[in-house]
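Both of the next two complexes hold chain A, though its partner changes from chain B to chain C.
Right, the complex of A and B next:
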């Protein structure tokens, strides 16, 4: 980083703690990097919890009877409760992911409405798509002695919330997709716009999971789960890498920051109007 | 701005601000009216005991009335939290990203509290249902209410980071406000693991999950109301808008 050659800023030390302290103190992009690392941390932990601890991904069978479902809850009792405790603890980090993606839209040649609608849509997305699943499965796991019919009802509710929450991700992706395709500032390559279309299509493809209890379209089927998840993983890795490149390209210059009460942001093109 | 004389950016802020003490009173009253809070219900109660709690003619109206009041006013903190977003917007940051982070969090906490409220009201709607069903709605309500601290924690952490990064001669908040928010975040954290224990400090009636968590939220509201009041009034004086 050439920043350290500038006047008044000390060289970056080599130890890990010294480096973090240097970035906190002197890196002009600290706000952006914190959001990016929060995003990476969140998606990694999400993978560990949903795949490794709670065994919600890949999902168990939708056609099991009451006894088999109750057995599944007993088998993963501790994993479910510890895993979802972690999710409850860190769930607010999704706001950092959404903020960074919304910020990418503020760098594009599109109306501010895109960034704001993305924040609005995605700030509700975690509740039905992830937290309700986690709450309901925690309640299912906490009392193994509960009537198996009720445990089965909780199981259906949890997996349908998890797999079958479609609209928020559909419209949210659509907003980002339109912004990328009409953007003239080249914040993202156009192929990523088309990858957004693929992610959007998965939300249509998953709909039959509300109808079928077995086969490729059921909630753990080849199409509704495996192909859709594969697209989502590729898509997530792509945007994490592309957002990193976007932050690396940012150039904030050396100007003084606005004082208390001023309504200007220094990121070029981001000057706020009087409605700030 | 041509219309600066007729419309100013601070207009109405004080009304939103003074909603908070009124809300605080409704929350406090509803908290004490709900019979399951003053002596928090134990998760070890059997399905029959939970059903008896809802069927008790001394409890049922208090459950319904307190949860209706929470249903009205539980969402009411959002305008105040939006004023906090406005304060983050005044900070010396290079991007609006921490403002967006806070904005993305602030509906989460109230919405999840609202869902818990719906489960309590559903349990109380037909208390003569089979006891196992009442117990399940009661479990859903308590786990949602106590365990859903993620957005509140993140909100405190984002505000603290925003304050630490507000490096200017006259920062928007004093630095202790950031330390205070981190402390509240730490006090809320253990409640995330509420479903793990039926007894002890993590259980939903326990020292950490119930008393520390709820006291931390109450303390946050009181302290931040005072801090925000100081900020809003001094900004208005400084910018020549009213008192």
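Right, the complex of A and C next:
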């Protein structure tokens, strides 16, 4: 293996295993890439579990009676237990997501308080937004012979936790929004800062779900669920792509990030590993 | 698009054309327009399923409040445009005065809206009274939320106009773009809720 005279680092081998070993030993961005891939893995598995396995998304009808709710639990009994078992296993990956987003704020020209606030708020928000829903629905699925009124109570609690506790996310989004807009290091494009406003407003739009059991404002309604979810999906895809671009552009300095962060596509000369 | 005196390459016939403010804010405006359009489409579909209820409920609203709110916001948008123009001409004191007037219009709009809501609630017209009023309170509340965020934008514009060292015409225009969006959305909401028969 030849050795780069400039940096004292061996050149990257061409084989897949050699490349992985090289990145593991010499790539300064290895931890950032691991966090990013953990985030992508988490969101993909989250989608598979909540949509495909447990059928929590889209949520079932809020107006169902005791018998219909009990039937729903019986029908998805295995999916609920297996799916939420997976969620309990991978829920710790939210730490990687929060860490990478907090890292983006540490790279900005803003106070560290932004990153610390974000981690604190989003660590808290995982409890009602994901874990409590998973625990309560697993409890409901665990004993299908339980009193249907109790099952119905668990059903309401789980879906209101899942859909109706968005306020905790609101402040986290606000923290990121302000950090991006006042940042001078151009870590993220300003349009993404403004997109945070859209995501923040969805937290208000979902509020009527506490009042309505049917219609467009209920927990599975067109406005409170579908349009909100569409905005959230756009927002999530945008920040995953922009975090990837941030890692590609990272120079471990404390000034403006090199390259153009405004485009969602790779800037020439900033392909993965090109900085080595 | 805005014309300005040419200062470098790209000038055509002595003038260059550019989008006022940050293009990022225009991307936001387009995305917001898309979200609100989806609300309006859902409203129209629900209205089509029970037109009698929506018409009867619509008649309970006060057109005077709707028209007043519209005029106040249109006036504020006009003042904001004058502010941008004054700022371009480097008449920063005049521009600052215009922003203050815009903020007063915004406060007047919010005050009128709160008074209108309290009056309607006093008449027993609540969020859950029927589907029309659910949409009415939802659309006007989400819009009012945008007006409140608009006060932050106005604050940024005031800060820019008062800071000779860090003054940015682009940021003043960005704030103006946001405020015009708030006005534009209200005009559609007004037409849908108060006017359309």
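Everything below uses one rule, namely that the second predicted complex is superposed on the first by the 241 of 276 C-alpha atoms of A that agree within 3 Å, B and C clash if a C-alpha of one lies under 4 Å from a C-alpha of the other, contacts with A are read in each partner's own complex, and residues count from 1 in each chain.
By our rule, a residue touches a chain if its C-beta (ideal position, glycine included) is under 8 Å from a C-beta of that chain, and two chains touch if they have at least 3 such contacts.
None of the values given here were measured: they were computed from a predicted structure.
Visitor: When the two structures are laid over each other on chain A, which of chain B and chain C touches more residues of chain A?
Guide: The partner that reaches more residues of chain A in the superposed model: B.
Visitor: Does the superposition put A:45 against chain B (first), chain C (second), both, or neither?
Guide: neither
Visitor: Go through the superposed model and pick first if A:9 touches only chain B, second if only chain C, both, or neither.
Guide: In the superposition, A:9 contacts neither chain B nor chain C.
Visitor: Is A:190 touching anything from chain B or chain C once the two structures are fitted on A? First, second, both or neither.
Guide: Second partner only, chain C.
Visitor: Scan A:106 for contacts with chain B and chain C and give back first, second, both or neither.
Guide: Only chain B; A:106 stays clear of chain C.
Visitor: After the superposition on A, what does A:238 contact: first (chain B), second (chain C), both or neither?
Guide: In the superposed model, A:238 contacts neither chain B nor chain C.
Visitor: On the A-aligned overlay, A:198 touches which partner chain: chain B = first, chain C = second, or both, or neither?
Guide: second
Visitor: Which partner does A:217 contact after superposing on A: first (chain B), second (chain C), both, neither?
Guide: Only chain C; A:217 stays clear of chain B.
Visitor: By the touch definition at the top of the document, which applies to A:252: first (chain B), second (chain C), both, or neither?
Guide: first
Visitor: Once the complexes are superposed, what residues of chain A are shared between the chain B interface and the chain C interface?
Guide: Shared contact residues on chain A: 262.
Visitor: Please give the residue numbers of chain B that touch chain A in the complex, ascending.
Guide: By the definition above, chain B touches chain A via 1, 9, 43, 89-90, 92-98, 100-108, 111-112, 115, 132-133, 135-136, 139-140, 143-144, 147-155, 157-158, 161, 165, 167-172, 189, 192-196, 198, 235, 238-239.
Visitor: Residues of chain A touching chain B in their complex?
Guide: 28-32, 34-35, 81-82, 84-96, 98-100, 102-103, 106, 115, 119, 122-124, 126-127, 131-132, 135-136, 138-139, 141-143, 146-147, 150, 154, 252, 257-263, 265-267, 270, 272, 274, 276
Visitor: How about chain A: which of its residues touch chain C in the complex?
Guide: Of all residues in chain A, those touching chain C are 189-191, 193-195, 197-198, 201, 204-205, 208, 211-212, 215-217, 222-223, 227, 230-231, 234, 262.
Visitor: Contact residues on chain C for chain A in the complex?
Guide: By the definition above, chain C touches chain A via 22-25, 27-28, 31-32, 35, 38-39, 42, 46, 127-128, 131, 134, 138, 141-142, 145-146, 149.
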